[in-house]
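Two complexes are shown next, each including chain A; its partner changes from chain B in the first to chain C in the second.
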Partner chain A sequence: MSELEFVSPVASGPLSAAGGGISLEDVSDRTKVLVRAGRDTAAGTHLKVTYGRSRRRRDGALICGSRPDEWTLLADPGQGTELLASLPDEGFVSVVDITHGRAMFRLSGLDTVGVLAKVCNIDLTDDMTPDGAVFSGSVAKVTCDLVRNDLADRRSYLVSCERSFGAYLFAAIADACSEFGIDVPADLTIH
Partner chain B sequence: MIVVPCPNCGPRNSSDLRNAGEVAPRPDPETASLTEWRSYLYLRENPAGWVTETWYCRSGCRRYFTIERNTATNEIRESENS
Partner chain C sequence: MSSHRLPIRSSELIDRSTSLSFTWNGRAYVGHEGDTIASALAAAGVEVFSRGMKYHRRRGILTANHWDPNLSVQVGDEPNVRAGSRRLVDGMQVSAQNVWPSLRWDLGTANRLVGRFLSVGFYYKTFMRPQFLWHNLYQRILRKFAPGGRVNWKTGTHGEYDKRYAHPDVLVAGGGPAGVAAALSAAEAGASVMLVEQEPELGGHLRWGGPDDLAVLADLRQAVYSTPAIEVLCDSIVTGRYDHNWVAVLQRSHEVAPERLIKARVGSLIVAPGLVERPYVFAGNDIPGVMLAGAVRRLINLWAVKPGSRAVVLSANSEGDAAVLDLESAGVEVVAVLDARAGEDVVEARGRGRVSSVQTGDGRILRADLLVTATGWTAPTSLLNMAGDRPVYDKVAARYFPQALPDNVLATGGIAGDGSTTELTAHGRETGLLAAQRALRLRHDRRAQTPRSPAPESDRPAAIADSRIPLRRSPHPECYRSTTHGLVDYSEDVSSKDLIQAAGEGFDSIELMKRYTTVTMGPGQGKLETVNAAAVLAEAMAVEMADIGTTVWRPPFSPVSLGALAGRIFEPVRRSALQDWHEANGATNLLAGQWVRPDHYGDPMAEASNVRENVGLIDVTPLGKLDLRGPDVANLLDLVYVNRWQKLEVGRVRYGAMVAEDGVVSDDGVTGRLAEDHYLMTTTSSGAGAVWEMLEDWLQTYRPDWEVHVTPVTGGLTSINVAGPRSRELLERLVDNVDLSADAFPYFSVRTGIVAGVADCIIWRIGFTGELSYEVHVPSGHALHVWESLLSNGSDLGVAPFGIEAQRILRLEKGHYIVGQDTDGLSKAPTAGLDGLVRLDKADTIGLPELRAAFERTDLPVLVGLQPDDPTIVPDEACQIVEAGSNQILGRVTSSRMSPTLERSICLAQVDPSLAAAGTSVTVQLVDGRRITATVQEHHAHVDPEGARQRV
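Entry: the complex of A and B
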């Protein structure tokens, strides 16, 4: 799968508000690898992250504890083969490159909580979802996996969903951003 | 809104979950009579009071778990993984 050219489900480029309060970027081309394994397997021990948390590995891959006994690894585009090879596969372990099956967006800026609060029912306060938190929930009626992955100077979330919902979800989040200063292109309107 | 405590995710809006109904012990397939199978498949107590239910955390951890819920007041007192 990794050798296939990646075609994003989203046709639009990054969107950002003039004041810098919010930006929305399609990062669907990032490598995504799903691991299912018992915590007592070599893979579970290697990944080490509990459900609901994430950590950055030395090679730059972000390891997310996306469900009990399930992890999602996120890395730069084209890293699928390397990621798959880096994981121990002894025991009852499933490792699948899901890069082409998932869409992913990065929402960042001061107004991210305000935008997500319009379309998501998760409590986004720092004590419930601090930097590094991994959680799932409905975003604009689409079941999504979210990672709070703050950048150096601003709050940021990675939002991923099934690829087939990608175009709709990008447009729906862009629509929610319009209240915070983003000019939504005409081809992204959902009304 | 009913807040349901998922043992893995914590308290969640019930719209994030699915109620899979009362817990009914499965009869032994080797010895169960037709009446017992029918009772297992179709009949439930449905009390106005405390009941043990299975719920599915469809938006979160995607695990089944059981809770004790009062169907008259929606008070919930325990949850654990199935």
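Entry: the complex of A and C
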């Protein structure tokens, strides 16, 4: 249904600090596909990413080792069919398009660690959580999957959660960003 | 008012070019940037800052820092502000606490008239009888005398508090010379460091020292602030150390919040809080003008305040000796220096609002307005206690020292021993190096064990032994109490006489004495009082101090505001893809667990009637949805549901109920088979998470050989129930590739198709309302389009949205029970009427033994349909069903509503099995006490029990 507009759970546009230290953008429309398969299956071999790490495939899809024997593939909007078709299906493999089921945000800039430290208890230092790291954690009390996915040397994280929490979580992260210069719109409130 | 401000001091913190206006008890004052509230007032000649808690005696500056028990004040609407450390801010409105009508004329002083009755344990002894007066009289009066300021929660202007997390390799608690040196060496060794200092600036005692001290301090500060690996938090305090070095830090005066709680997971904790100077116990030791040596040194050197005119100094150590020099340099006449090391003593200070004379141990009466004591130190070992240490008393040094610490906690500085600045910083550096080495080993291990972290490039750092040369323990006289009695606890007004009396009454253990007398239980939490209390008890018991032991210091180290503990309040809220539409179209919301949902759109009765007559739409997205894939799904369903699942055909749907291992009904829902190895399970809205966890638990631990993948898809599929006699007609206008006729798509079937142009929609022919209905699961990004298409295409069919309240009416008319409302934590399958569903001959089902036992019982409550005989009365849910003529409880109403279809009240109820037969009359006790009769119905369903309306 490419002609239909994907309606995100977040109504707000991108937010950024004047100094460029932090920006927050809703990217919920990105294609997200969940793959569960044993590592000895063709799909597991094809994905080539271990739990906790990620890599960019030649077609641009980001393959994330979300959990043991579980991967999340992230791609541009509308790539669901292509992504599904790209995966070998021999053996016991489950492939679920979760594009509509997950909200996702990109948090970028020098102050990302400071922002996330207000809502998430994960150690984000470079040696513990380098570029490419994939991990799960509580963000403002919502269970989230996170990927450190730097953009041209600009520190950046993808934060995704169950779709229904999306509006709340975007507001909560925006609230945390306010200390670092983002002017949060009045309608983005966590209370 | 006279000025006590001295000429410029080389170490002063104040900026004389600034003037900050503030008020004290309504009167205007001026201070400088860098002043504390207390220093600004002292500079203006204020001598009395508070009143004692019990006897309301006047109180002045004692320690002139954060721990000063006499300097708790109200600032605006913030109570209990430490005026000894809180920096002055322009416009502050400062007032005294716990006085009435004023600090100068306080009626609380009347307590002194009955002082001899206010002895230790007064509360326990006095307010015992008559018991009924406790609530009605005693408590109210006692509250009037409760110390502390006032919180005006209606007009509070504090704004938001805050929290954050941190993961430093090394956290140093204390920014004195040893702490700063430790932080520097830890950072040089490659560790990330958080350095926490409770004062607004680093330096500890160096700040009020001589030129050499100030030079060392300048070097240390320059080094720290030019080291990026060190995060410096001044005006902050470590309030607790918990298991696995989880350390709580309270950061004050942050730009985004008045207080911020930092939760730090620390590799190594270095405890370097320095020492706390302790008061001396003698008659009149709480009269304004009696100060500790550290207080006068701080007042003179940091804030250029002259603390008095004529001073007597009792000195047992170098701090007292240095205070003499400082006093003289400030132009204070030192009348006498009494050397406690040589046995000289003070027995009494006299004066009303201020010290006027001092009586010495040899009987002299000296005219003075300032009595300075320097009689020893308390090691604030709280953080060490929290790490499991029980410090031991050293009689020669007259203070406590650490005994045995875990590897990830180290002590340095005054708490560990004595030394020159050079010796203290050297010890600090060695401690920092050791702490960093241990923390980096830990970090190496964590990296090696954490999947997201790359393997460490280097080998694990080698363990190094603790080869630090211990700091020495300088001899110090045991100066605790003179020959007279005085206050031990300034916050609680507990005297040495009280403690001796308590010991005489049998409270002769330090822990018992603490609780009986409340000594050390005030805001200072024993910083000034603990050692003196132990000494007085030792004296009373005629034993050595070392035999007395200590009380256990628990978190927090320093009082923490409730706002800081609360921090930012995160309360996640879940919204369906249609929630914005609901709110824009007049919905009244309901919070159901974490979900915000439309309760109704104005008239729930009309909404329900419209479903019975036309067609309605309801957003049921919170319904739990789990995507199940794999060849063993049927086995899994057989295990978790009480009924059979092996023969469910593709395209068919079956209802299932779950019980827990104790046989209690835990969840229910329908599951459809979408393809050979692909099912979609629905659960209750509140049970979705628990059911998912339960399924994963079974698959990962008990049945790892089963091939089933479970994926939660609740939010990804927006669920729209289309209900009513015209629902098929409406859907036929929008569904492209599914035959909706009754024959092709019978009740309890499921299809996948295109709805309003949206592919991959799942259409269920099921319902909760008792009407012909379809539940359409739409990919959520397109849900609004489908919802609006249904509304726009069904306007001629009378389509309208309905909310949760209308659905509750409709489902009750139909007699559908809700797990958790019509069942409870004791309801087993027979109670819920699952007799026809349960298969006791299955090989395995969770809770099967309990199910079998339950069906052999005849005493379990039974869920029944119930109708009040007076159709206008709707009993509240949870009203009890009682035996007529007695109060014996025989059941309760679990659901009740007025039925718009029947135009009468209807209920579901759990009743004793003796009342379960149709036609039985029961008695219902209403909330207002009235009793009504009601009749048990043949079916749970009040409307269409045969199901004719939904099977068309």
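General remarks:
As a working rule, the second predicted complex is superposed on the first by the 184 of 191 C-alpha atoms of A that agree within 3 Å, B and C clash if a C-alpha of one lies under 4 Å from a C-alpha of the other, contacts with A are read in each partner's own complex, and residues count from 1 in each chain.
Note that contacts are C-beta pairs under 8 Å (C-beta built on N, C-alpha and C of every residue); 3 or more make two chains touch, one makes a residue touch a chain.
Computed from a prediction, not measured in an experiment: that's the story for all the values here.
By the touch criterion defined above, A:Val119 lies against chain C but remains apart from chain B after alignment on the C-alpha atoms of chain A.
Judged by the touch definition given at the top, the superposed model places A:Thr72 against neither chain B nor chain C.
Of the two partner chains placed by superposition, A:Thr31 touches none, neither chain B nor chain C.
Annotation for chain A, partner touching more residues between chain B and chain C: C. With both structures placed on the common chain, the touch criterion links A:Gly101 to chain C but leaves chain B unconnected. Judged by the touch definition given at the top, the superposed model places A:Pro130 against chain C, while chain B stays out of reach.
Legend: residue contacts after superposition of the two complexes on their common chain; A:Tyr51 is shown touching both chain B and chain C. Overlap of the chain B and chain C interfaces on chain A: residues 51-52, 121, 135. Here chain A touches chain C in the complex through residues 1, 3-9, 11, 29, 34, 36, 50-53, 65, 92, 94, 96, 98-102, 117-123, 125, 127-130, 133-135, 140-142, 162-169, 172, 175, 178-179, 190-191, going by the rule given at the top. Chain C contributes residues 162-167, 192, 255-256, 263, 265, 443, 446-447, 450-454, 568-577, 580, 595, 621-622, 627, 629-631, 707, 709, 711-717, 757-759, 779-785 to its touches with chain A in the complex. Note for the complex: chain B touches chain A at residues 8-9, 13, 15-16, 58-63. Within the complex formed with chain B, the chain A residues making contact are 51-52, 67-68, 121, 135-138, 143.
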